[in-house]
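The two complexes that follow have chain A in common; it is paired with chain B in the first and with chain C in the second.
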Partner chain A sequence: MSAGGIRPARTFQKAAKVTLANAQMRRNLRHATTTIREKRLRAVAELPDWEALRGEGADLKDFAMANLGDLLLDLEAAVTSRGGQVHWARDAEEAREIVARIATSHGAREVIKVKSISTDEIELNAALERHGVHAVETDLAELIVQLAEDRPSHILVPAIHRNRAEIRDLFRRRLGAELLTDDPKALAEAARVYLRGKFLTTKVAVSGANFAVAESGTVCVVESEGNGRMCVTMPDVLVTVMGIEKVLPTWQDVAVFLRLLPRSSTAERMNPYTSFWSGVREGDGPREFHLVLLDGGRTEVLADEVGRQTLRCIRCSACLNVCPVYERAGGHAYGSVYPGPIGAILTPQLLHLEDANANTLPWASSLCGACYDACPVRIDIPEVLLYLRGRINEEKPLNAEAVAFRSAAWVMSEPHRFEGAIKLARTGQGPLVRDGAIHALPGLLGGWTDSRDLPAFPRQSFREWWRTRPAPTERPDDGNAGLGEGELLAPEREDTR
Partner chain B sequence: MRIDLFITCLNDALFPRTGEATARLLERLGHEVTFDENQTCCGQMHVNSGYRREALPLVRRFVDTFRDADVVVAPSGSCVGMVRDLYPRVAEWEGDHALLEDVRAVLPKVFELSEFLVRHLGVEDVGAYYPHRVTYHQTCHAMRVLRVGDAPLRLLSNVRGLNLVELPAVDQCCGFGGTFSVKNADTSTAMLADKVASVMSTGAEACTAGDNSCLMHIGGGLSRLRSGTRVVHLAEILASTEHEVYA
Partner chain C sequence: MSTESEARLEILTRIARAGARADPSFRRAPVTPGARAREVVVEQFAEFAAEYRASVTRVDAADVARAVAELLARRGSVRVVVPSDLPDDLLGALPALRDEGLDTAALDRMQAVVTTCAVAVAETGTVVLDHGPGQGRRALTLVPDHHVCVIRESQVVDGVPEAVASLRGSVLAGRPLTWISGPSATSDIELSRVEGVHGPRVLDLVLVRDV
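Entry: the complex of A and B
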């Protein structure tokens, strides 16, 4: 199975049908997401200025996006002046080749990796493998996914769909670990023994980046385990693959995001390891540093006035954890390294709205809005979902669904047509109605009646009733008229908004 | 006060009793209620399904129908959410500036029933009587788009005879989502299964909410399972008295 990528192999509907039936995954996910959900609410409630902070995060990202070209050039200049090298990659292909060239030029047969979604996005591991270079994931969850030849199913917790018993079996099989229990400490120790050997012997490391500071050329990685810190300090050569939207103007800006990110992602006040590096330094850390700036469709997203807010994303995964669709369908249903609500808007946009499978993702939402409330940079995901649905529909050739919606709009645009349609439905439903409800419908509407009944159209519509009802004054008074009248507030509507 | 009802197309066609209850309730509180027959549908189904251009005539119709209204009240969180939250964006995205201006003029007059009663009229006790065990589902659009908060609960807690039981995981979507329920029927059903289980765990006779679209979904699941638990719109509970039973 592929290690990542953003091109779904099938539609969300088809993929979800499979994942929904995975009882183990459903249970693991429900447990994990409900736990982190409650923890996040508590962590966020500790900060009285959380809403202001969210606004600041959104504004800073918008500013960075509006000045992206200049900031990236500043970043390049700062990194270069500190002894680093900057590479520009238009797409995944270019980024992969750059990293592979650097690795092979050092004769590396193996590289160690910091947890990074950007390298999963460009399917770096498979590309390196083709060049005879094996990439070793050092993040515990990424390692689990890699050893299981699985795909990540969560931005922050790539192995969220697996439980401890499964991991124990995996480590016994793939690492030769003599694990008798599935105690988390024992599992972590088995991984530690394996990874320490890699840290001490591998010469080239690859990372992603959470932030980069344009004014100083500083790159930042935020993590929990310390394995990332090992990767960015011990090898001789460090290559960082970073989406161009990660750049921030100044050091102060990073502070805002270091308050927003940990509370939103792991529900911690501060994450355990935050590594910063600026170019290279004699006698300290890697002797060679390469920064690969990846576009990969981002410039096009930036050009879209509604869609561009997607690029504010700091990959915290709060939207996944609160999403009722993600909780049930799981990350794999999205077919991309970016799952959940953010994936449903990011994946199709990165693919220029040209990938038919990815274009089903904006419909993978009931529009409940929980993602928007949780987003630390206020990406209005429901808005972007609706907007993308519209854009995708516009590009489709005329189809039965579009005809149905156009007809419905035509019917609804005149009251007499609407009333006629109700009467027609009332007559036509006859054979379908049993005990006042409809239990089976043909075609697409069968998707409803497969699991739910539908009420039958009643004998009278509201407007029919309204016409025949006695005028209010002619009706018997029930003694309650006017109740609460004394409590009426002045009807000044302006004040209520 | 003269109140224009926006009854919504779903209530008009499938749930007229909710409309009757809304009219009766507002009249009982001493208001003059009118229903303009020019109204049809807010266009939510079209916009949510990605057919916003097709929705434009419906937005236009809504704005024209209620242009001269003092106050418009609808027994539906999602339809009012559509008007308040999405009308301006649809007009903007489609570049219809005249429509945008008209939308902005009518918006401040449009209210969801529970927010209108509690926030606008300041009424929490509407004199209702409903002697049943009831649980309340907080619909997503009422909660996250309109931010009605505890307005429905305040109203329910003042209904005489009513035994209000808390719904577990009340903030979780029921999985309806308009066409989501048929386009992604499997995922939607998985969400519905949990909602139905929550409702049934309360031992309530009825599940109520301020939106018949969500209730149609939850009720469709409860009915399919022959659970014996029914759904009833908030307006029908609030309209019910010792003399008149609406649900």
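Entry: the complex of A and C
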């Protein structure tokens, strides 16, 4: 059972303490993210004007979000006119109930699933289980997570935290596979054998959607293994759960994202398989198609002028792969199916900034900006992180930290107060300093030194040094006269003394 | 009002109240056909498709049937299925079952499938099926383990935007599309690419000179 959901069970800081202790996981992650980072740069450099393409992607998504209501109505009309059925779900619970109702109305005991984060977001598998329907994950990584009763830790590669040897042991144990080696080829073959019969005989499938085109009612699944093609083609009934922000206005808009997504996610020119379908088609594929449109907090994100850009996200995971915090803490530290930098802004917003644990996620960042540079739709993640930190703090009552910052502002606004404070600190630090650094501050200040050292205050401050240094004498004309202000920037030279 | 129509109304109302406004200067970039010589474009398609472990065989129109037969023989594919409307000249005398709605179990016994395609993309080494004439329903090119796809050189376009533009008619006509770039693959184990999971494990492309 792959547990999912977006509600972290604890704060990021607490969860990260646990994950950081897992050296195996950190090795696996470092290996995977380092590999993909270099490949992505090559894939991106191959297109003539990646920056212009990023701009197009961002603009198109913004345009779609500005016209979201009309586009969803167009999408609904187009899907319906082609024989599909459209459902609307305000929240996770409504979406789960819709899918469960469809599955049970066909008497399904088992459904096959193609990897979909939106269904992980709404914790669909557990809900189906309660209705007596077992969901079989068919994406290799999702299957690994499901069999291990684990949680996904990456958007694209949910089992990125597991290495080949761990997966071999899992398949031996849970699939009864006779695996002699941990060669990924053999592991993929074991999954193929296990799932083949299910693809060909299961009546109901559940998928997510990467994009949906409003003008034609066309839904798109981008994948690699062929499990997506199997799920959207072979069963009688297909249910697709899609966040409302996935809609694109016109068919041609798909081109921009088919160039941005594969290069950003798997660092390939194109992913092996992409399926498009519009409603149902006589004699080809499912006879019944349901499209579930999920809000789940998205309209609230849309209403926020700064946070809105989060909805541009196409779930490529490039920001995870470049993030120094993600690489070390791992996906599980974020406690949500949306980990990494994008998760740090998406998860708390989808929970209306009301979940205390999720509200620690905007601090899971060094604000280095690598995520913004990598984002194919130019989401300014650092901007949103800072903005969310501000909003979350605004809602907190006055606390010791706020009082401390106010005092600091008072001290720093006048030079004589500041200098006085420095002198005081220099005297007071005495017993705390070891080897030129302070390793543990007392009381509330201890929070700062929990995870880092504070350099000791030096014996002399810059201002003190400046006052005691000998005044420079007049310089002889060295031919640079007339440079004006720039001269002040010239380095001090000994020979002018 | 049912829960679902209530939900629909509420979601649409929330969206309207969110007040996201479009940038009035928004314009889509025009689709410009690539300026490169046809031979260069075709050459790149062949190279990129091969990088994704598809085999590429380039032939004159007269030699298509022979190339198809050789590719099937090379993989030991004997039980071959084809779309009911596949042009005869692609098969020659080769015995193949024409799909008139085979059931899944029968399809699963087939070793190979031979089809044409709608368009091919040099930028990515991709072949696109719109499941029109000569391409069959989606299951046909999914269940058998070996897919032989015949592409005319004139079907190869330079970039993804051109390919998307050329497929507009098919999409508006309600046809599904399958974009194929090499055989099925996964990068799920340590992000290292492994070919051959659930889709056909062998993809052979026959590129026919017609211009």
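Here is the rule we go by: the second predicted complex is superposed on the first by the 449 of 497 C-alpha atoms of A that agree within 3 Å, B and C clash if a C-alpha of one lies under 4 Å from a C-alpha of the other, contacts with A are read in each partner's own complex, and residues count from 1 in each chain.
One rule holds in what follows: a residue touches a chain if its C-beta (ideal position, glycine included) is under 8 Å from a C-beta of that chain, and two chains touch if they have at least 3 such contacts.
Since this is a predicted model, take the numbers as computed values, not measurements.
Visitor: Quick check on the superposed pair: does A:Asn125 touch chain B, chain C, both, or neither? Answer first, second, both or neither.
Guide: neither
Visitor: So, A:Thr202: does it touch chain B (first), chain C (second), both, or neither?
Guide: In the superposed model, A:Thr202 contacts neither chain B nor chain C.
Visitor: Quick one: classify A:Pro455 as touching chain B (first), chain C (second), both or neither.
Guide: The answer is first: A:Pro455 touches chain B but not chain C.
Visitor: Scan A:Ser264 for contacts with chain B and chain C and give back first, second, both or neither.
Guide: Once the two structures are laid over each other on A, A:Ser264 reaches no partner at all.
Visitor: Which partner does A:Gln146 reach: the first (chain B), the second (chain C), both, or neither?
Guide: In the superposed model, A:Gln146 contacts neither chain B nor chain C.
Visitor: Name the contact category of A:Ala89: first (chain B only), second (chain C only), both, or neither.
Guide: A:Ala89: touches chain C, not chain B.
Visitor: Using the superposition on A, tell me which residues of chain A are in contact with chain B and, in the other complex, with chain C.
Guide: The overlap between the chain B and chain C interfaces on chain A is empty, containing no residue.
Visitor: Residues of chain A touching chain C in their complex?
Guide: Contacts found on chain A: 28, 31-32, 35-36, 47, 52, 56, 59-60, 62-63, 65-69, 72-73, 82, 87-90, 94, 98, 138-141, 144, 157, 159-160, 163-164, 167, 184-185, 187-189, 191-192, 195-196, 199-201, 213, 216, 218, 224-227, 229-230, 233-234, 244, 251-256, 258-259, 262, 266, 268-279, 281, 283-285, 293, 295, 299-300, 302-303, 308.
Visitor: Spell out the residues on chain A that touch chain B in their complex, using ranges where they run on.
Guide: Going through chain A, the ones touching chain B are 12-13, 16-17, 20, 306, 324-325, 328-329, 333, 362-370, 372-373, 383, 386-390, 392-394, 402, 405-406, 408-409, 412-415, 418, 422, 425, 437, 439, 444-445, 447-448, 450-455, 457-458, 460-466, 469, 472, 478-485, 487-489, 491, 493-494, 496-497.
Visitor: What does chain C use to touch chain A in their complex?
Guide: For chain C paired with chain A, touching residues are 3-5, 7-8, 10-12, 14-23, 26, 28-29, 31, 48, 52, 101, 104-105, 108, 121, 123-126, 131, 137-139, 142-143, 160-161, 163-165, 167-168, 171-172, 174-192, 194, 196-200.
Visitor: Which positions of chain B touch chain A when the two form their complex?
Guide: 1, 7, 9, 11-17, 19-20, 23, 27-30, 32-33, 35, 37-41, 43, 45-55, 57-58, 61, 70-71, 86, 89, 93, 108-109, 111, 119-123, 125-127, 140-141, 143-145, 171-173, 175-192, 216-217, 219-221, 223-224, 241, 243-244
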